[in-house]
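So that you can tell them apart, the chains are marked A, B, C, D and E in the order they are listed, and the count of residues begins at 1 in each.
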Amino acid sequence: GKIVEIDGSSTVYPILEAVAEEFQKAKKGAIKVTVGISGTGGGFKKFCRGEIDISNASRPISKKEIDACKERKIEYIELPVAYDGLAVVVNPKNTWVTSLTIADLKKMWEPAAAGTIKTWNQIRPEWPNAPLKLFGPGADSGTFDYFTEAVVGKAKSSRGDFTASEDDNVLVQGVIQDKNALGYMGLAYYEENKGKLKLVPIDGGKGPIFPSEKTVMDGTYSPLSRPLFIYVNKDSAVKKPEVKEFVEFFLKNAPILTKQAKYIPLPKTAYQLAQERFTKLKTGSMFIGEEKIGMKIEDLLKLEQKSK
Amino acid sequence: MNTKKIKERSIESLLFVCAASSIFVTLSIVIILSFESYGFFKEVPLFEFLTGTEWTPLFENPKFGILPLIAGTLLTTCTALMVALPLGLLAAIYLSEYAPHKLRETIKPVLELLAAVPTVVYGYFALLFLTPILQEFIIELSGFNALSPGIIIGVMIIPYVSSVSEDAMRAVPMHIREGSYAMGATKLQTSLKVIIPAAFSGIAAAFLIGISRAVGETMVVAIAAGMMPNFTINPFEPVQTLTAYIVQVSLGDVPHGSLEYKTIFAAGVTLFLMTLIFNIIGFWLRKRIREAY
Amino acid sequence: MVKDNIKAEIRNLNFFYGTNHVLKNINLSIIEKKVTSLIGPSGCGKTTFLRCFNRMHDLYPHNRYEGEIILLPENINIISNQIDPIEVRMRISMVFQKPNPFPKTIFENVAYGMRVRGVNKKNVLSEIVEKSLKGAALWDEVKDRIDKPAFDLSGGQQQRLCIARALATNPEILLFDEPTSALDPIATSKIEELIVELKNNVTIIIVTHNMQQAARVSEYTAFMYLGEIIEYGKTERIFTTPSEKLTEDYITGRFG
Amino acid sequence: MVKDNIKAEIRNLNFFYGTNHVLKNINLSIIEKKVTSLIGPSGCGKTTFLRCFNRMHDLYPHNRYEGEIILLPENINIISNQIDPIEVRMRISMVFQKPNPFPKTIFENVAYGMRVRGVNKKNVLSEIVEKSLKGAALWDEVKDRIDKPAFDLSGGQQQRLCIARALATNPEILLFDEPTSALDPIATSKIEELIVELKNNVTIIIVTHNMQQAARVSEYTAFMYLGEIIEYGKTERIFTTPSEKLTEDYITGRFG
Amino acid sequence: MEDIKKRIKYNKSWNYFFLIIGLLSTFVGLFLLAVLFIDLIMDGHSRLTYKFLTSFPSRFPEKAGILSAWVGSFLVLLVTALSAIPIGVAAGIYLEEYAKKNWLTDIIEINIANLAGVPSIVYGLLALGLFVYFFKFGESILTGGLTLALLILPMVIMATRESIRAIPNSIREASYALGATKWQTVQWHIFPYSLGGILTGIIIGLSRAIGETAPIITVGALTFIAFLPSSPITSAFPFISFEWLFDPFTVMPIQMFNWVSRPQKEFQINAAAAGIILMLMTLIMNGIAIHIRYKFRKKIKW
């Protein structure tokens, strides 16, 4: 049978799942879609081995991954599909934290903090001398990569002594159960557990800002908002009509489906630009293997179009 | 006559091949584990692996000290054993010496259901049900900790401990039991003074099976213990076990061939060797009871 | 000659393994400080009968007693529900067909009965153990290895150890179920001698399939068949002039 | 009177369970179409000796034969490694101490030996089954329930069923290991009668602990003690004028 | 005498005390099991509908179902059963009836005892290396089934051996004494008489396998699958297709795991409902096993 094989980020998974479900319904089961949850890194590794048609990613493809793909002569089309904000949360019983700066976050999370930064008052002296319990996604997830890059300045550069889970719900649970906890996760997970978690506004230089659809879309919630992507194998796009159909279906329905999946859609024009990019089979990454923290996707796409 | 013999021979050979296939399984385990971890130990010195107290293989500056994972494993295992060994042994004594025949025959299979519950179910039960209850009593208990999954694993392995110990106690021939009762002993005296000493090696074997199960349990700790490679002996803190680490990495589906991929095999070898020792000691002990009567 | 006192009086004893009616209306008197032997073909119920005396059947479900076994001089019915089987067993000991020492040392085997009774003082125990082993004619053979495992003894020694174990608690009645059937001729004759000696102090009931053995050791003999006592009397008479045809057939080896 | 032919000749037979030397230098002749009985105290090696004849010991590891059991007239040594034990067992059948029917129907139990030999025709089997059951004096009792499970039969019937099963394959020698020790007197006498009848067609060796039984059914008797044949001869003579002291002690019940 | 009576009383009070302790210990686990089950039912009962069984997973929790999961579980178990049972039973028969005592069979024996105690995740690693990467079966039903087969193989072997061991030697001797060969004895006696125990062991093994999560995760089967594998029966010659063996799959515990990690609360309800069904499956299988054991025990009394 015709199968579209997709794998990658657990963050992007709900969007892909929604698309896959609707697509299969629209095709009345003639085309099968599988969506794996291997994490962004895992997804790219399979993608660059040519095992899957589409890799979904919560960060742009990295330099290493670009090389890996090149080695196997895998060409890819990079398509932004949605925005996500990272929510930094604490336990509702935490009365002292009203906002955090990126510097605060760095102090907590940088590798040097391992084993030394153990209490809240080490971050700011006015905070209590209570143990600082950190929760975050596992090291193989795109969220982890993005957060470390935005906060510490280098992807995967993080202290090791925090409680990690690939399952964001487990993180939510961890923060709910521990008064001294702090964690970060996709905004959707916060939205679903609003009553039980306390959202912390982030001061990226322009004063504390809460993540929301608006602040994410207009770029003010920075640097902890990010675009989400899919990467389509060019060969598949060319040779497998079902893949092409799937991607087109995706881009056409993205505004509604991303919202249903609790993510923030890109502006309409961005989807049109992405569609164009796909039609032209434009390969390569706009990010040239590094993240442009805080840059709006729309601008990037436009920029790219102009430069051509 | 001759075709009959050929038939017999070929059937025997076929059956032998099937029996020997178990060796093939073990060999594949050993080969695959050692092949992949050989690659690992080429890059990470064994000494560092065995003595390092930090395990952060997936980070920017990876550290490959297995001790935190071993500590986590031992911590959850010990907690589990503190639950399973006494309860399992007491249940075994009750079932073997006290319970009426009918009751025993009903309870035993029901008790075995404890081991049949999917471990994912147990995992969330530990995290969402048991941990909050425990936190009522132990304030310093983290949301993720070694204690709660340890207790749940303990409950889960009760049937392994109780059923093998019970078998061992019931293997003590009736005439020995009669000898004791004929002296006017009560059931308790008979159990403690005659049955348990006589079934000792079987009970020890049951304990070893329990240990081996507890060491190897995966999903419960992966969900409820916190995935935090923490070099600690405090059961109130989050920890990561060898098994949970393997699951964590598998959930991220690391690419074949990378160093990260090899780390799970290094952890796997460690796990395999740990259980191997327990399994083999347990095997000899069980064999001894079989030969005794 | 002293007058023969009755030690136990069996009245209308019936026994059932579930629905299997194995002992049928047994009436018998056991004479004090004498040896009474029970003979009869395999499966006739000898073992079942013997085990009624110390309530061994209580260990298994679905077993049912009917009737009375009156222990004298107290005049209590030892198979009644009101009587605690543990109390009965403390007064009536048993030696089994197969030697069944505990997997413990020789000392602990013999001391076991006293320990059960709460005696734990080493010197008291030592004394009793020595006395009992002497009583079972085993002391000389084991006195140097009293702390070795009992399993290391030969079959005959093990059986004598079991006798010593039973003696240690000073029972009023001693039950033997084919005590020599697993033993060689020399061990057998040792145990027979022992039984003859023991009867000076204790009432003995012995089940045996060896009629010569019954003739050698016992004063009274009961012949059982299909769960009934066919004939009972002085051993001499039973073996020389049995009054029942069945008894005669059995002792002349016509069947069994 | 016909001349007594020798059916099997045992020469210097030794047998070891691992290192346990159980049969010691046995020499004996088994007479054709006669009953030979083996008597001796428990553990002397009777069963062990009997099981050499159909190589039953081959089923367990570490067992070792030495010497010869020559089957006549072919003059083959049935315990030699060159001889296939299956071939031996097809010619020499055995009936065990405890009846051991298969958990199958009566018919299938008796037919089993033929099925093993590849006979599967229903009418051939039926004929053989009927003949064998008649030969074992069981036909009348079971002919109406030939397709019922064999386990529903009584002990004595089961034992006769096992005899029928053994007869069905027309063995040259029939081995009996205490075939009546688990049976009641009536069943016992039925089987004894059967054995007396069978010897017209087949050579029989029987182990028994009942000396009267040996006297009743056998022409020849061998007395074993501690793995050796102490005395062998006509049954009459052994029981009336034994030449060995040990034999005399045993048959007069001095031990065993 | 009074002394003795006092002593008996003392001994007996300890005895009763222990009776209660023993009873409590036995029931602690069962109590927890009941709590767990009730907890699951409280959470999940509202989703236990026919539709839940016949729907594919969906992003709308109220529409989502476990069709692909239970079909996947069923097919994986089928592969497991077809591969583990013949090999396991054959191995058990060999070891009990054929094997001579030598170093080789000793090794096999220790080895099986050890395999039974190897953590399931190690089997997952083996399968990852062997089936996924070496034989290139991918993350397919075949891989999943074979992985679980490895896991239950020692259980099947042990169950076979145990139930063969329960057959009295007298039956074997009776058969051999009539001149039967080894295989005839096995075929006509050993196998049929031990079948009850073997089946019981197999079903219990399978009921373990159905709940296994870790090794399946290791081989990488955490996937959104909203379709059924290809049909094993085709309309064209030869009417049977083995394509389904190589199809991707999901199984019950994985589906449950997947739902549990969703942000929406309603998915937790789905997870609980899937948990109930999973537990019911294991309960039913265990029930069947108990039934078979009981029936065979009644049929054959040695």
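Note that in this section a contact is a pair of C-beta atoms (placed from the backbone, for glycine too) under 8 Å apart; a residue touches a chain by one contact, two chains touch by 3 or more.
The model shown is predicted, which means the values in this text are computed figures rather than measured ones.
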Touching both subunit A and subunit E (chains): B
Maximum inter-chain contact count - chain pair: B-E
Chain at maximum distance from subunit D, centres defined as averaged CA atoms: A
Mean-CA-position distance for subunit E and subunit B (Å): 17
Intercentroid distance (Cα basis), subunit D paired with subunit A, Å: 85
Length of the line joining the C-alpha centres of subunit B and subunit D, rounded to whole Å: 52
Junction residues of subunit D, two or more chains touched: none
Residue list for subunit E, restricted to those that touch at least two other chains: 8, 11-12, 181, 220, 222, 260
Multi-partner residues of subunit A (at least 2 other chains): 7, 36-38, 166-167, 170
Parts of subunit E lying in touch with subunit D, wherever the complex brings them together: 100-101, 168, 170-181, 184, 188-189, 193, 299-301
Touching residues on subunit B, where the partner in the complex is subunit A: 54-56, 58-61, 63, 127-128, 131-132, 135, 142-144, 223, 226-230, 238, 248-249, 251-255, 258, 260
Residues of subunit E that touch subunit C when the two form their complex: 4-5, 7-8, 10-12
Contact set on subunit E toward subunit B in their complex: 8, 11-12, 14-15, 18-19, 21-23, 25-26, 28-30, 32-33, 35-36, 39-40, 86-88, 90-91, 93-95, 98-99, 105, 107-126, 128-130, 133, 150, 153-154, 157, 181-183, 204, 207-208, 210-214, 217-218, 220, 222, 252-253, 256-257, 260, 271, 275, 278-279, 282-283, 286, 289-290
Contacting residues of subunit A [partner subunit B, same complex]: 7, 36-39, 41-43, 45-46, 49, 111, 114, 133, 138-141, 148, 154-158, 160-167, 170, 173-178, 181
